[in-house]
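One chain, chain A, links the two complexes that follow: it is found with chain B in the first and with chain C in the second.
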Partner chain A sequence: MKRSGFWSDLVKYRTLLLMLLPAVLFFIVFAYIPMTGVVLAFKQYTYDGGIFGSPWNGLDNFRFFFESGQAWQVTRNTALYNIAFIIVNNVLQIAVAILLFEVANKWFRKIFQTMLFLPYFISWVVVGAIAYNLFSYDFGMINVVLTTFGMDKIDIYNTAEYWPVLLVIVSAWKAVGYGSIMYLAAITGIDTEMYEAAEIDGANVFQRIFKITLPNLYPTIIILVLLAIGNIFRGDFGMFYNMVGNNGLLFANTDVIDTFVFRALTSSNDIGMSSAAGFYQSVLGFVTILFANYAVRKYDKDRALF
Partner chain B sequence: MKTNKRKGILMLVLILMVSLLISACGGNSGGNGEAVQSNSPANDAKKTTSDNTLEEATLKMVLIGSKPTDYDEIFSEMNKLLKEKINTTIETEFLDWSDWSSKYPLKFAANDDFDLVFTANWAFYHNQASNGGFYELTDELLQTYTPMTWKATPKVSWDQAKIKGKLYMIPNNNQEFTDKVLMIREDLRKKYNLELVNSPETFAVYAKTIARNEKGMSGFAAAAGGGYKWHELDNVLLEQQNEWRLVDPNMPFAFKLDDPKGTVFNVYDTPEFEKLLVYYKDLADNGVWSKNVVNSKNDVWQDMKAKKAASLKGNLGTLGFQIVEARRDLPDVEMTIADLTPNQKKTAAISTQNGMAIHATSKQVERSLMVIDLLQNDKQIHDLTMYGIEGKHYLSLGDDKYNPGPSRDKYTGFSNWGWNSDLNRTEASYPKEASDIESTWNDKTYHYPLESFVFDDKNVRNELASIGNVMLRFGVPLEYGLIPDLDKGRDELINQLNVAGLDKIQSELQSQVDAFLTNNK
Partner chain C sequence: MSAQLTSKVAKPEGSDKRLLQIIGYLFLALISLFCLVPFILVLSSSLTEESSIIEQGYQLIPAVFSLEAYKLLFEFPGQLLKAYAVTISVTAVGTFVGLLLTSMTAYALARRDFKWRNKFSFFFFFTTLFSGGLVPWYLMVVNYLHLKDTLLILVLPLLMNVFYIIVMKSFMAGIPDAITESAKIDGAGDFRIYLRLILPLCKPALATIGLFIALGYWNDWYNAMLFITKQDLMPLQYYLYKMLGNMDGMRKAMISSGAVVDLQIPTESLKMAMTVVAIGPILLVYPFIQRFFVQGLTVGAVKG
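So, the complex of A and B:
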């Protein structure tokens, strides 16, 4: 057999390699090179030293986070919220996608889809303002409606217990449209012959959904969930900050790592300490995804990410 | 085997590429670092030229703010005057408000070529001075090259600008007060036949009456969602009322203004604070501010104008101009300024609030000083640079007042405050109430030993970050009366602060204060 060396391969597959190049460059420039900035987590950042010239200070930057007494609480909040978001959003997205698929009327389907998709484009800042006008004690719509029916007002912004539910609902409202389109695309890709055959055999709608659609969706579901799990320790800063803001009364139930770090470090402007927090999140996320991927591999080797 | 080898080579190439790029970045910043270290202020200042043989010189000046539209017109006019007087012209670079705070340190780090630069205690004065970014100004230099400024500026202003006994800026020469006052609705006060508002008690009656009787109007405009770690009224009711001073709003330590020893104490742990909590709770329960105040990010002045609030806290100067605006836009309401602590000591902003400094590596130190002297004290140049062209940007009214001219908006919004001085004019429509209060304050201005003390947080950054979080989480809701049990809330606050390392900051702070007082005796 002829030994083909690296260089001859390079020439042979030049077209394919050229097509790969943009993606490789993209990840090198925007993911791998910035990754070296992680050294900042172990440095006392100074303006004149820059990223690489600043003096090292060991694990000092991590002290702030772990000695604050809040580390466990915010880490737990972040993970629990993200788990809730992943489960609720995916279930709703799949349900909506299946419903849209089963709706025969094309016109109705388009309108419904557009309406569901719309919240995805609204910035969290605006969502925060809308929420304030809904939930406010003095003039919020919910309380106005409650008082007109002679009921007592509810003080949403001062009651931490409501917030986990509220945030899950808001997150779902915003994410369902986008995710359902991805699932809808996957469903549309399922071979229609299977449905025709099932119909001839007398399967009803539910049987078709549970026996054909869902099993065919598994690969998509697993990939999307696995990708989401990698970010399980990153709070959606835009969401939490704009919905909760600086309301200390709610922090016990709503503070996530990102908002905690933001609040603590905006006044001190310490780049090293923020990098340390980001590094902590990345390491946790990395470990989680390794475990999740391992679990998927055990169960079904072909479905794992790597 | 073959694929393994290929993979290995690919990895190698990749690693090489990345490391090449990284080292390129690293080399860059390393170079900058060295440049700074070589900035020794040992520049020779001996090229003294006597006044009659001034060589032609061009200086570069760095100011903060966006470049005004009519900059060219006004600054070429100024250059004509400067050329005539000291054979100098100036080129100015503006660091825009949006990113000045990141660009400013870079100008020094990269050792850019400039001579004059705006600085202030809020604009890196201490930071750059300790990094060696500014040229040290000796008394001798000042007496020789800035004789007018030397004469006009009181000694206390010079002293306030010194860092460890050394001076790096020519501070602006303009009395500004740090005391806060309230704007209230005089028409509503009269409507309900209430007493004049001039104390915490009369204010409470006023605010509660309005909140109870005026539908849709709160008694006090507060928006606590912005991350400020105190109650909006704490400046007035805690600091001014008790003649205390917070060392830094990011930590709960204060000292008494007249305490010669400068003993710092935890504000939350005082009986005064405990009493104030009761006062706030009473206001909160009577609807003086919204129950959702900590989520509100409203523009409080717009709330006031929209008749949604009946009082507002602010600086005397700011509120003065807002009253002018209200008189123009809202003829049906009457607003006035109320000082809730008229008998207490008044504190002035220290001179480093604004000022001009000279870059450590400037080759034109003397000439730069001469320029600052003229900017501050030459009536013609001062008027021109502060207000623009007479008849166009401002209409002069006697020697010390002005009215805005038609093009006023085209010359504003940048840091020409660096050379504020006695020659500043006041706007003619500035309300009398405000200037009256200002003149009574002038007699009560109190200078205290720790006026120019700045806390260096280097050793306690970790603790400080946690403390700020605790203040926001447990302090702010407590002060706004959102926690039903005051004692429990206060205990929780103090406990959490102790966990976060309050003691360590306190001892660090006290030792810095002690050192400062010994050095400045």
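So, the complex of A and C:
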């Protein structure tokens, strides 16, 4: 009886297991088997040997990656950009959500929401085209405006210093609709009795926002920020690649781990080093997300990822 | 599920309320315009005569109105139509199959009487924590699965996503167990219960997740950039990407679509017209589908 437990379960759950089969196969092929490919980071890749037949070369790939001086640069850029995105995006989204909630006219609220959500729906390629429309030295809108006011043109695509600010703005632009709707949902969930009580006590609207709305949002904010911190070493490849592309002049300020790995793979065909950099990122990401989850779990057990 | 994002705050009366309304409208109007204006700029740039752009740059209101760029796009639409066909078919097939697999997987995981559901949930979830990175994945697709330059590789990577499975699962967990139980007593099999009873109850979640999947396919250029070299298999976004970066390529595409060889191409307005054509369908359906996205986000926010 005991021995047959597993087999009888297998029969009992056969349909459910069959329903899971495609997904299981999918994740084995596209996630788990590639995971074993991390061994490439310790190998001298040869085309004939493939992932598993190529000879080992110890830590040479990592040595090359770290000694190139690129490792520190891309890690720093990835982390700093993500920190800036987390701060700017969340502050903006919370402000927008609170004001959307407070705005009295329903019709206006809908119009605002529709416009704010628009950038979320377009691809990064289109964002890249819009950026060109604005930033291009010869024809860009920004330079048109500058020359109209008699100022000198700025060469955005050749000046690395502008990019940290620009990328933060672009990120905020794309994410503001999405994030503010999430926060708006959380605000809508706040018990209205609290507002009524505050009103009776004579609190003005600003006190209401800072004493009721914001404190009630803290749990949501903390969770979302912690989870975002868990992904701090994952760069948004689509954004960086479509905004900057292969423009080496800007790399000092714009190269993130993801774009670095991509270039090492596709332009220099350096399989060894790009796997080493990828592996480095995966481990870094894994550790930070475990840490973030631990923090979430401490704060609110039910909201933890696992 | 029904996300009524309506304010329950009373109408403004006092001076503090009026002040807040003024701040609110100004700030929101500013940010909203900031979100909208770039789209208008692209549209009007695409409608501006080329020589006017060369002289004065892109402008919010066309100095000299011209439909030349669109005329050119639609006069020789060969490659563009192919890119549209690729995107539409990939989106349709991927969304349908993706929804089917996502909901099927979610149903098995949502069944409380399924002994191994936590083990399987973790099996899926772990892939979001650790990945082998781009390189092994790329080599796997190209050297082992031999999917380079196939339509299949545009469909497969976006087919399933752990986050959608989780959202779907939490939605299904809200359906009373009694439905499954009583159907089982009546002798219905698990798959039949899923297909006939559960799926119809999941319509709102299916609509939302289906739209997220569809948007993902429509906007995908990454997989094409990695794996597609044949022009005939390029999806719309990647075609746009190529054209933006390579006007010479655009000229060649025009020629292969039947344009005369020494054609003068209004490159700057054409870039913007291409962009408009690539976003167009999304903007057309946007007002109708926005609601579902709001619903989906709300579910995600509440249920994590």
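Here is the rule we use: the second predicted complex is superposed on the first by the 213 of 306 C-alpha atoms of A that agree within 3 Å, B and C clash if a C-alpha of one lies under 4 Å from a C-alpha of the other, contacts with A are read in each partner's own complex, and residues count from 1 in each chain.
Going forward, contacts are C-beta pairs under 8 Å (C-beta built on N, C-alpha and C of every residue); 3 or more make two chains touch, one makes a residue touch a chain.
Since we're looking at a predicted model, the values are computed, not measured.
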item	value
Greater residue coverage of chain A in the superposed arrangement, chain B or chain C	C
Which superposed partner A:249 touches (first chain B, second chain C, both, neither)	first
First (chain B), second (chain C), both or neither touched by A:191	neither
Partner chain(s) touched by A:52 [first = chain B, second = chain C, both, neither]	first
Touching partner for A:27 - first (chain B), second (chain C), both, neither	second
Which superposed partner A:205 touches (first chain B, second chain C, both, neither)	second
First (chain B), second (chain C), both or neither touched by A:157	first
First (chain B), second (chain C), both or neither touched by A:138	both
Footprint overlap on chain A, where chain B in one structure and chain C in the other make contact	9, 32-33, 36, 50-51, 132, 136, 138, 245, 265-266
For the chain B and chain A complex, residues of the former touching the latter	2, 5-6, 9-10, 14, 17-18, 21-22, 25-26, 28-30, 32-33, 36-37, 105-106, 109, 131, 224-227, 250, 290-292, 294-297, 457, 461-462, 464-466, 468-469, 472-477, 482-483, 496, 499-501
For the chain A and chain B complex, residues of the former touching the latter	3-4, 6, 9, 28, 32-33, 36, 47-53, 60, 63-64, 67-70, 132, 135-138, 155, 157-158, 244-249, 251, 260, 263-268, 270, 273
In the complex with chain C, residue positions of chain A that touch it	9, 13, 15-20, 22-24, 26-27, 29-38, 40, 50-51, 92, 95-96, 99-104, 106, 108-109, 111-126, 128-130, 132-134, 136, 138-141, 143-144, 147, 173, 176-178, 181-182, 184-186, 188-189, 192, 195, 199, 204-206, 209, 220, 223, 237-238, 242, 245, 258, 261-262, 265-266, 271, 274-275, 278-279, 281-282, 285-286, 289-290, 303, 305-306
Partner chain A, residues of chain C touching it in the complex	3-12, 14, 16-17, 19-21, 23-25, 27-29, 31-36, 38-39, 41-42, 45, 53-54, 56-60, 101, 104-105, 107-109, 111, 114-116, 120, 122-125, 127, 129-140, 143-145, 156-157, 159-160, 165, 189-191, 194, 215, 218-222, 226, 237-238, 240-241, 244-245, 268, 271-272, 274-275, 278-279, 282-283, 286-287, 290, 293-294, 297-298, 300-302, 304
